[in-house]
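Listed below are the structures to be examined.
After this come two complexes, each holding chain A, first together with chain B and then together with chain C.
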Partner chain A sequence: MRAAGQMSAATATRPRRIEAAPFRQLLVRKGLPYALIAPALLVILGVLGYPLAMLVWLSTQHYGLRELFQHQGRFAGLSNYATILADPQFRYALEVTAIFTLVNVALSMIIATFIALLMERVSSFVRVLLGAGLVFVWATPVIPSIDLWQWMFDYEFGVVNWLLTRIGAGNYIHHNWFENPLQGFTVITVVVVWGAIPFLALMLHAGLTQVPRELVEAAQIDGARGWQVFQNVTFPTLKPLLLILLSLSTIWDFQVFNQVWVMLDQRPSQDYFVMSVFSFQESFRVSQYGLGSTAAVIMVAILAIASFFYVRQTVRSIEEFGR
Partner chain B sequence: MNPRKLLFTAMGVAVALLVAACGSTTTASNPADQTGTLTVWLMNGSAPQSVVDGVNADFKAKYPNVTVNVEIQQWSDVTTKLDTAFAGSAPPDVMELGNTLVAKYAAAGALNDITSQKAGFENSGTWLQSLTDSCTYQGKLYCVPYYAGSRAIIYRKDMFDAAGVSVPTSMDELLSAGQKLMSKYGSNPNFSALYFPGKYWYAAAPFVWDFGGDIATQSGGKWTGALNSSASQQGLTELKTIVSQLSRADKTGDELKQDQAFAQGHIAMIIANGWEVGVITDPKSGDPSLASKLGAFPIPSHVAGQTAPVFLGGSDLGIAANSKHQDLAREWVKLLGGTKFQSQMVTVGGVIPNTTSLVSLSSGLPAIFAAAAKTSRFTPNSPNWANVESANVLQNMLVSIFTGKSSIADATSAASDKITQILNG
Partner chain C sequence: MRKRLVRSSYDAVGLLVLAVIMFPIYWMVTTALKPGREILSLTPYWVPAPITFDNFKTAMQVPFFWNDVVNSLIIVLTVVVISVVLAFLAAVAVARFGFRGRSAFVVMVIAVQMVPLNALVIPIYLLLDSVGQVDSLLGVIAYYMAVVLPFMIWTLRGFVHNIPVDLEEAAMVDGASRVGAFMRIVFPLVAPGLVATAIFGFIQAWNEYIIAYVLLSSSSKQTLTIWLASFTTQHGTDWGGLMAGATLTALPVVVFFLLVQRQVTGGLTAGAVKG
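Moving on to the complex of A and B:
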């Protein structure tokens, strides 16, 4: 009887709960993730969103030294954009940066893939040695390592000039590597690629260990040779990872700054103005913070495109493997 | 007297009393009771440590409870640091500013206007004219002259003797003396008769000025770049001949390491500031044994017997408009800019003092540099000049000329346009 009574009581309340439940469930189901993500979102907005909004705001201002000291800019609309897009120096920077990024991404990805494939095949002792070497390169702080490279390519005392002369590659005594921008950018490319390889190679090596052994063996039994195995088995498996690394490399190489700035003693000639250097020069050397910000906003916009592929690939990977 | 007038008079009296009261408390307050921290930025290589210590000791004697922090800054990145500091709420109270930088900061409102206190500074009546000019913006005084420096040629007397050349008295003689030195020592691939790094603008300017050229001219408030004038180009052509024949320095390098290079012993001449003698003979960074072998002479003019005009470099001492210790800052500046420590700057530091009344204290090599400063010139006194320096316009022009990347006509006309644009910006 008591049970029946409870039952009836429960039955009596049911209609109301049926009304409330979907809403509450909906709220919990839809709202909880947002509530949980809110703190992280707030931090990201504060750390990334606010500076970015400030940057965009600054790019619409006439903001020189006087304005900086008084914390009060003058609204200039889109005139900064018009000025900068008409500036031949900016167009040069844009072109140079695009070519530089293309070459550096290609070189670092190809060399890193070779190293990763090599690590697959060598004995575990050599693999550990190679891995340790890569980690050491990666762990070297950027500025000291650029200083070291600078010393090696020094005009007067550089070991590279000495060595090239010594092995009979020509007369490199007092050879200036930065007189001709093409040579200078080659040296900078060496430094950038050298610094980029460890991360890429280690990531790709980790990716390679995920290639199913049995697929490779099956392909080999079917008569596939080394390149065919790579093309038909290894590459498709690695593709998502390769795409992510490609986007990341593009972002890093596009905004390269330290290697140019430190290598050229903080006074690069205009031949070496990549986008980031151009932006820094306008802002902090010529005190045209509005123009500098405009250049930076354009950089961010271009990088957003590279990031789009990265994000899309990440989302796809989650959809594929996340379920 | 009607009530309204009475009220105004009363208010006026009250304000006057208040001002007087405030004024009297400041002057009457005991220096020993003043507390706080005074931050001073000096540049690397400007004042010898003993002079800084002396100033601080005298300051401490008067204000025992005030702490003075003297921080040494590097020339290469000082403008970025100054911009950041002035934009913040607590800039240094006193800062040394290169004389070409003052106009920029004065125009931006970063420096305290000290026009009314000028008489309170020792020797202010005999300050060097060109330094006082660099401190003056739109008729107001924004800093105190600190010291001046001019460039001359430092040479190795022993090498001159061995090559049988004497001190040149014209640019032609400079070239022929250098050629003799090159034929005597040139088999050493590192030897330079005159070591001239490609970006060394301040050593190139005398050649431009000597032929009657200039960096920019002003008329009716508008600047016009003048490096493409035929006189300027003539000077740069002369310089290019000298550099290509006598220098094996990096054509894209700057002058920051020229003293260390000179101290290594395979250079016969450099164009340098007086204080660089100290760097060359410094036991740590240089070679003390060179001291007796060094001589100096002013950069000769293309007109025999005359000397070329040189850039009068130097520094001034500014007080931040936002400083919370204006009075203390002025007291500190008065010490370093006053007779006692300026005399030490001459005798210990080897620089040209901020007042003509002390120039005679210099002797030996520094006296030659002080004499070279008699025909001196200054860069365009515009708040935008610092941007020409920051944008490396002149350095890039010189590099293009020396490396042969562009002709003198093309390089000077590009630089001139850029200078016109920046100065009028």
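Moving on to the complex of A and C:
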């Protein structure tokens, strides 16, 4: 209101410009939006688009140390793909990543849904506390959070080993969690799920509050019980949100890197080679940039499928609710 | 009576969940405040008995700490200032103008956030290597800009979109030019959104790991997330120092995050359920 008042005062002293040529006006009007998006578009295309194209191109190149010094790869056709698909280590990486993603997405979604439903049922005091706690965990940056879990699972002085021994789950004194990859991945899963839960739970809780009360009550009057209400009323309302969260979690968990890399002090053994670590190792440790790129391209291609669902769902909801 | 019992058992479960998810953070902060013998103890000390700041002092004396604080700040501030401006311009175009290719641009902005950086880091490294820009802050800054821009455009689009066009039109009826109306009406209203978006960009850039890890090889040029690895040597890990360092690294992010969380999170699911 105040701004509008200042506005008319300011313009009163200035004559209006109405003599601009119609053609120029048209040009300005048509061109303006493009001029506005141009700088951002240039940065995104130049800094993300170009490397993405180069990644695909690199996957068709033989690019080792010698090529690195010459800044010039040697064309190798699709032979990198043949090499990598025949590599048992790569197949292992693909399998482990798929299983890891499945387990982590399922666990995070289930626990987050549980917390979101719980938040609906607790007293408002506990709800506020729980919400604040979730935001706190959410805010904790990923690298410090990996470090703190590393400390909690330390083989010698880790609090987890002490706790497990104490509650009688077995003898965990001086237990090294990373000797056995299955146990190691369990720890990594704990870190990933712990980090993912706040975002998912808060989003789901926000979504739950949007479920129309009248619908729930109508269903209850018609005789629906707890689970039936969830299945027939809550779930259909939440479905768009669930789809988005599911695809986002898949995208995040499938490309997991930091949790593995930092947790294992930047020297993971081959047992821990998920897709992203495999690609990183091939490129920056073995200096086979062509092969590393090939693995990365395969990873991006798989991710593109999950992204497709995410983007489609997001665009749909803009069309429905945005402008 | 029974209803109250059910409610309070839900409350009990809620508090238990809260305790479990908060414990790691509690453990990080208290470890950082404990003297060494309480950290390296087979039976854990739940509360630091004499609170000590020695671990923080050690952490700050680790070589390159202040250096890396400065690097992180230079990178993050440059990224934020430039990308907020670029993102704002693009957001205005998307929220206020109908133009050919707008939908394509919106789809690209959403989709590009899904591209994994740990795949792109290979060509990024080779590209910068061929122009001699590896191990320079400039390369990192350019990449962080591209990383934060899509999210910023997306969030700001929402803020601009929520300002009624009528306000602008009223100003134009009063005789303001389009740019004038924009600067005097839209800009002040969108300012909180700009601040929130800037802070979120700050957090993203501050937390980034892999690009900085690959590109910044000399210790004088690293950022804080990379610096945290320096507590782990062949002789083992200085847990007290590491927890202090982790707390220090996390602190600005947590503070900022708590400030803007409400305003920005809508952009994360892009209004999947109307909100």
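Everything below uses one rule, namely that the second predicted complex is superposed on the first by the 270 of 323 C-alpha atoms of A that agree within 3 Å, B and C clash if a C-alpha of one lies under 4 Å from a C-alpha of the other, contacts with A are read in each partner's own complex, and residues count from 1 in each chain.
The rule we apply is simple: a contact is a pair of C-beta atoms (placed from the backbone, for glycine too) under 8 Å apart; a residue touches a chain by one contact, two chains touch by 3 or more.
These numbers were taken from a predicted model, which means no experiment stands behind them.
Peer 1: Considering only the touch criterion stated at the top, classify A:Glu179 as touching first (chain B), second (chain C), both, or neither.
Peer 2: A:Glu179 sits against chain B, while chain C stays out of touch.
Peer 1: By residue count, is chain A touched more by chain B or by chain C?
Peer 2: C
Peer 1: Of the partners chain B and chain C, which touch A:Asp265 in the superposed model: first, second, both, neither?
Peer 2: In the superposition, A:Asp265 contacts both chain B and chain C.
Peer 1: After superposition on the shared chain, which partner residues are touched by A:Arg213: those of chain B (first), chain C (second), both, or neither?
Peer 2: A:Arg213 contacts neither chain B nor chain C.
Peer 1: Touching A:Phe284 in the superposition: chain B (first), chain C (second), both, neither?
Peer 2: In the superposition, A:Phe284 touches chain B and chain C alike.
Peer 1: Would you sort A:Arg66 into first (chain B), second (chain C), both or neither based on which partner it touches?
Peer 2: Touch partner of A:Arg66: chain B, not chain C.
Peer 1: Once the two structures are fitted together, what part of chain A is touched by chain B and by chain C alike?
Peer 2: Shared contact residues on chain A (touching chain B in one complex, chain C in the other): 68, 71, 156, 173, 265-266, 284.
Peer 1: Could you list, by residue number, the parts of chain B that touch chain A in their complex?
Peer 2: It is residues 76-77, 79-80, 83, 86-87, 104-105, 107-110, 189-190, 199, 248, 250-254, 256, 261, 387, 390-392, 395-396, 399, 403, 422 of chain B that touch chain A.
Peer 1: For the complex, give me every residue of chain C touching chain A.
Peer 2: Listed in rising order, the residues are 7, 10-11, 13-15, 17-18, 21-22, 24-25, 27-28, 31, 39-44, 83, 86-87, 89-90, 92-95, 97, 99, 102-103, 105-112, 114-116, 118-127, 129-130, 142-143, 145-147, 149-150, 153, 161, 167, 170-171, 174-177, 180-181, 184-185, 188, 203, 206-207, 209-210, 214, 225, 228-229, 232, 237, 239, 242-243, 245-247, 249-250, 253-254, 257-258, 261, 265, 268-275.
Peer 1: Mind pulling up the chain A residues that touch chain B in the complex?
Peer 2: Per the touch definition, chain A meets chain B at residues 64-66, 68-71, 155-156, 173-174, 176, 178-179, 265-267, 269-270, 281, 284-287.
Peer 1: Which positions of chain A touch chain C when the two form their complex?
Peer 2: Residues in contact with chain C: 3-4, 6-8, 10-12, 16-17, 30, 32-34, 36-37, 39-41, 43-44, 46-52, 54-55, 58, 63, 68, 71, 115, 118-119, 121-123, 126-127, 129-130, 133-145, 147-152, 154, 156-157, 159, 162, 173, 194, 197-199, 202-203, 206-207, 210, 237-238, 240-241, 243-245, 248, 251, 255, 257-258, 262, 265-266, 276, 279-280, 283-284, 289, 292-293, 296-297, 299-300, 303-304, 306-307, 310-311, 313-315, 317-318, 320-323.
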